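So, here's a batch of structures to check.
You will see two complexes here that share chain A, one where it goes with chain B and one where it goes with chain C.
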Partner chain A sequence: MAKNIRKTITAIILGILTVISIFPFWLMFSMSTYKSEMIFQNNPILPSDYFLENLKTIFASNFVQSYGNSLFVSILSMVIGVLVCSMVGYGMYAYKFRFKKQLNIFIMMTMMVPNQIGIIGYMIEMRNLGVNNTLWPLIFTWFANGFGTYWMISFVKQAVPMELIESARIDGANELRIFGSIVVPCIRPGIVTLCLLLFLWSWNNYMLPLVFINKQDNYTIPIFVKSLASAFRTDYGAQLAGLTLATIPLLIIFIIGSKSLIKGLTAGAVKG
Partner chain B sequence: MRKKLISAILITALAATSIVGCGGASGSAASSDSAGGSDASASNAEATADSGDVVTLTYWGWDSNYAWPMFEKYEETHPNVHFEATAVEWGDMLTKTQQALASGSELPTIIPMDVALIENWKDMDILEDLTDYGLDTSEYVDSAVEKCTTKDGKVIGMFTSVCPSGIAYKRDLAKEVFGTDDPEELQKMFTSYDDYVKNGAKAKAAGKYMFHSGQAVAEWFYFASDVETQTGSTLNYTKKMTDVLSKVIAMRDAGVLDTYQNGTAEGNATYADDEHIFYPCPDWAITYYIETNDPDGKGNWGLIKAPVSYSHGGSALGITTSATDEQKQAAYDFIHWAIAEQEGAEAGRDLAGFITTYKKLTTDANFTRRADEDWFAGQDISTLLYTEIANEMAVVKSSPWENSMVSVRNDVAQQLMDDKNMTLEDALQIGLEELQQLVTDDSITIE
Partner chain C sequence: MKNTRLSKYAGFWPTIFIAPFCIFFFVFNLYPILYSVYMSFLDWNGYSEKKFIGIENYVNIFTKDTTFWSSLFNTVKIGLLGFPISIILGLIFASLLSRVVRGRRFLQTSNFLPYITTPVAIGMMFTFLFEQHIGMVNRLITALGGEAVNFIGSKFWAPIVIAFMIIWKDTGYFIVMYLAGITSIPEDIYEAAEIDGASKVQTFFHITVPLLKNVTVFLVITSMIYAFQLFDEPNLLFTNQSSSTVGGPGQSCLTMVWNFYNQAFGPNPRMGYASALSCMLFLIIVAVSLVGMKVMNKEED
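And then the complex of A and B:
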């Protein structure tokens, strides 16, 4: 009886928290179905019938290009970033070399320095590479990601027994084969978690596109949305429709990877 | 099967976005940064050279309602000039420019400078002296010239509009609450700040608010205040904010202010409601706020003078020193066209409601006649704004720390509205602590 009551109370609390969490998203969607002038004159909890008109406004602007740019940047950042971080994770775990400890400390140190501090140096670097005002600086920054590397080092360490790697070596597998066929399957939850995080960070990145992008054609979604909301634009319905569309890839990627994400985040929480 | 499906989706997405993304990148390569020459002048020169006789002028700015249509209009009659405009939010302009400057990256040819930040632009020393291109300062409104002139006499830009400000009101609500919607009668009722407090009782009794936002009235009092923000190396914080916040508190305590944040979507929606009567109203707000937020309000608005005539807002256009000579000249020609030539100034007036700072036109009653007086039931708001208010408004010199003061003012004004028991002393103390965090220059004394 007491157990049932406890369960019911837990369910109610969780239900309330869920509603609180989902409500802003619902409101964003619901408001995006209203004509701007009507949003604050009515109670926009129930959707209206203006969503398609707001979408038309959005699609008449540079939205599709910005959306494509964001997808390009985020997917490429995620794929290459995760690949590099996983390989570094494996390398730091499986190889013995000089200054390994110092390198480990250096990787940790890069996590302590806020990105904003290094941004001018990064801009100079990108300028010398001749890629300013393109999408590449927004992608390159995720290739050598301190957190991702640290995450993968820790994950490989606990998920891949050294004996497994040594057995594979004895059986004649080369290092790439070992990495692809043995290490990657073992660290899959970690990879998925990092994929989600890198995609999310890259998708929401505002500072780098702000300082690097000077052409409307190269806008990413955060900059596009912000430019829509510039001082005197008041088409809130269209802005909210844009924001609703902007959250879709994040929702999809989280739905696909939610199980592995939870596994990845909880791995190591319980030591066996 | 599921794995294959996910892999297929990811590969398709990657392939599709590569096409889109590379398209964008290659597009940019075709213009300014293509061959790795991201050095400012090199890339500017390249942009010009690549396009033959066409001069490409780049622009970063927030005011898409003014700049974009003006560029299009100019390109119609000047096919040798092409604009590449990038929308940058007002709050990001300085950051973006400072980062680009520090890293030696490309700056735009034309930069808009908001009145609150103009001293910061002066300090950056990246703008051409427009008098070198033939700008005759005597032909422009004195206050506009004064705001754009540096200590060593350089005129780094010119304001696109004069921005006289009044107090707009909804006629139906004024009639309901004060028994009249006639601007002359209302003007007599509201000659001092105290009048807004005293007459606010009638609004309160009728279940209405005089103003929608404490931040909005704080902004009004701030721009109307005759206290200079900075004298020498001293920020006159206490004096200026006491002047501003004491009036806000008087109105708050009289219950005539609502608690909306100024400029937010919800705040802007009040322009169309039947609860809020008055709005501080620079001339550009007629187009940007009243007509946009109250599309059914044509004929329901009136305008009176504020107790102290003042100017609010406006931005100047300047030319960066890193542009090529050809670009600089073309940029100056555009600025001159937009502000001092009949065709450009008319375009600014008709497209965005901007009345130029070029004296010959500003003092021409035919030119300053606004096309949207029907929103004000035919009231002669043009004469009121551009003859009466414009001639009376005082100009207070701004400070490089103006933006910090404005930020503190906004925060504190909202806190005053949220906490009805907050006193002037409390508010000043909170604002002072905030300002001390923002002012990083040790040579500045906050008083």
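And then the complex of A and C:
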């Protein structure tokens, strides 16, 4: 009896939490189905019928290109970032070398250093490299991610048995092959988790594009959405429609990857 | 024997695996920071002649610049209003959620939704919710007979709204991290506690909380680092306002990074001075993390 009451209370608390979590999210979708001027005259909790019109508005401007830019930036950042982190993870685990201890401390410290701190130097560096009007500055910054590296090192330590590597070496396997066919399968949940996080962080990145992007061809989604606001009229409906569409890839990868996410986090930094 | 075998792998391969990180880190992270340190000794607006002025920028920060100190105060205040609550809620909800069997995956995913929402969207939604005349919260208040509150325009309420954004957004992340930690606690510890007649609340305080200490340390330190970088939420809460003021009402929401951003990329760029601000921010983050690690590790003994 007491157990049932407790269960009910737990369910109610979790239910309320879930509603609070979803509500603004739902509101975003629901408001995107209104004409901008109508949003505040109604209570936009239930969807209206203007969604397609809002879509027309954003597709008429350069939404598709911005979306493509965001995808390009996020996918490339994710792939290279995860590869670099995994390689360090393996390198720090499977080899002994001089200054390894110092390097380990150094990597821990990189986690404390937010990229924003060097953003002025970064901007001037990119200007000198001649890429300041391209998408590359938004990508380079994820190549050596402090958190990802620190986290991958502890993940590899947990997930890859040293004996497996040793015996493969005795069998004469090349180190790159060991990495590709033994280590990578062992750390798959870690790779999935880090992929999700890096994709998410670069997709949602706001400050860097704000600093670097100054022409329409290079807009990413956050900047595109901001550009829909002008001095004359801010088309909230269209903005929200764009944001709703921008959330779709994140939703998809998180629903697919949510199982690996918990597994990956369990084995990774959490214990390390 | 073992050593000789290892030494065969000691030169070439570790370099192959570790070099990319080191090179990328140096080129894209470390070098820009060092360059910023160099620039912090300059008087430069981005295009004029660079002028070396020694530590004058730092002297100004300490003697003349009240904005720097109020931005430090605002950042700490908003961080303290937001993150502790968020972390505690994350812990509580994770431990409740860990006992749920049916629908757990759904609850997990839906509570993680805020964390994956684009900051631009969060800024807009919270503007819509808390706006004085048309915001939903105020409509609710007036419908219940209360008086509308100017949440976003008030020095008192605006930082609280931002703290609320943080709580709304990050609690899901903390839940997931704690859930991951709870999953790694062996089930038989809980069974033993139950046999010994411990109540759920006792189990929570005497087993769950202590065993999750590593997670807590990790989350507290990373969220302190994160708190000092706060920019997106306050900046986006006020961009949709017609009077787009820097820092919100009375600059009560001007965080350190926003102040830095405004000095560097605002209407009157002061690259040298902004670099000095970012170096101060860096020093503060390092100091806070080191102190944090020390305090958290001391409690262990």
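Worth pointing out:
One rule holds for everything that comes next: the second predicted complex is superposed on the first by the 262 of 272 C-alpha atoms of A that agree within 3 Å, B and C clash if a C-alpha of one lies under 4 Å from a C-alpha of the other, contacts with A are read in each partner's own complex, and residues count from 1 in each chain.
Throughout what follows, contacts are C-beta pairs under 8 Å (C-beta built on N, C-alpha and C of every residue); 3 or more make two chains touch, one makes a residue touch a chain.
Everything quoted here is computed from the prediction, not taken from an experiment.
Considered on the superposed chain A, chain B and chain C are sterically incompatible, since they clash. When the two structures are aligned on the shared chain, A:Asp217 is found in touch with chain B, with no touch to chain C. When the shared chain is aligned, chain C comes close enough to touch A:Ser21, but chain B does not.
When the two complexes are overlaid on their common chain A, residue A:Leu164 makes contact with neither chain B nor chain C.
Between chain B and chain C, the partner in contact with more residues of chain A is C. Contacts of A:Leu52 after superposition on the shared chain: neither chain B nor chain C is touched. Legend: residue contacts after superposition of the two complexes on their common chain; A:Ile105 is shown touching neither chain B nor chain C. In the superposition on chain A, A:Glu175 makes contact with chain C only, while chain B stays out of contact range. In the superposition on chain A, contact is made by A:Val225 with chain C only, not with chain B. Of the two partner chains, chain B and chain C are each touched by A:Ile119. Legend: residue contacts after superposition of the two complexes on their common chain; A:Ala60 is shown touching neither chain B nor chain C.
Put simply, of the chain C stretches 152-160, 170-178, 206-214 or 278-286, the part that bumps into chain B is 152-160.
Overlap of the chain B and chain C interfaces on chain A comprises residues 39-40, 119-120, 124, 210-211, 226, 229, 234, 236. Of all the residues in chain A, the ones that touch chain C in their complex are 6, 10-11, 13-14, 17-18, 20-22, 24-25, 27-28, 31, 39-40, 43, 84-85, 87-88, 90-92, 94-97, 103, 110-122, 124-125, 140-141, 143-144, 146-147, 149, 169, 175, 179, 200, 203-204, 206-207, 210-211, 221-222, 225-226, 229, 234, 236, 239-240, 243, 246-247, 250-251, 254-255, 258-259, 261-262, 265-266, 269-271. Looking at the complex, you find that chain A touches chain B at residues 37, 39-41, 65, 68-69, 71-73, 75-76, 79, 119-120, 123-124, 126-127, 129-136, 210-211, 213-218, 226-227, 229-234, 236, 256. The touching residues of chain B, when paired with chain A in their complex, are 6, 10, 13-14, 16-18, 20-25, 27-29, 31-33, 35-39, 58, 60, 62-65, 84-90, 92, 95-96, 99-100, 102-106, 108, 263, 265-266, 268-269, 272-273, 288, 292-293, 295. Across the interface of their complex, chain A is touched by residues 5-6, 9-11, 13-14, 16-18, 20-22, 24-25, 27-36, 38-39, 93, 96-97, 99-100, 105, 107-122, 124-126, 128-129, 134, 136, 139, 168, 171-172, 176-177, 179-181, 183-184, 200, 214-215, 218, 222, 225, 228-229, 231-232, 235-236, 239-240, 257, 260-261, 264-265, 271, 274-275, 278-279, 281-282, 285-286, 289 of chain C.
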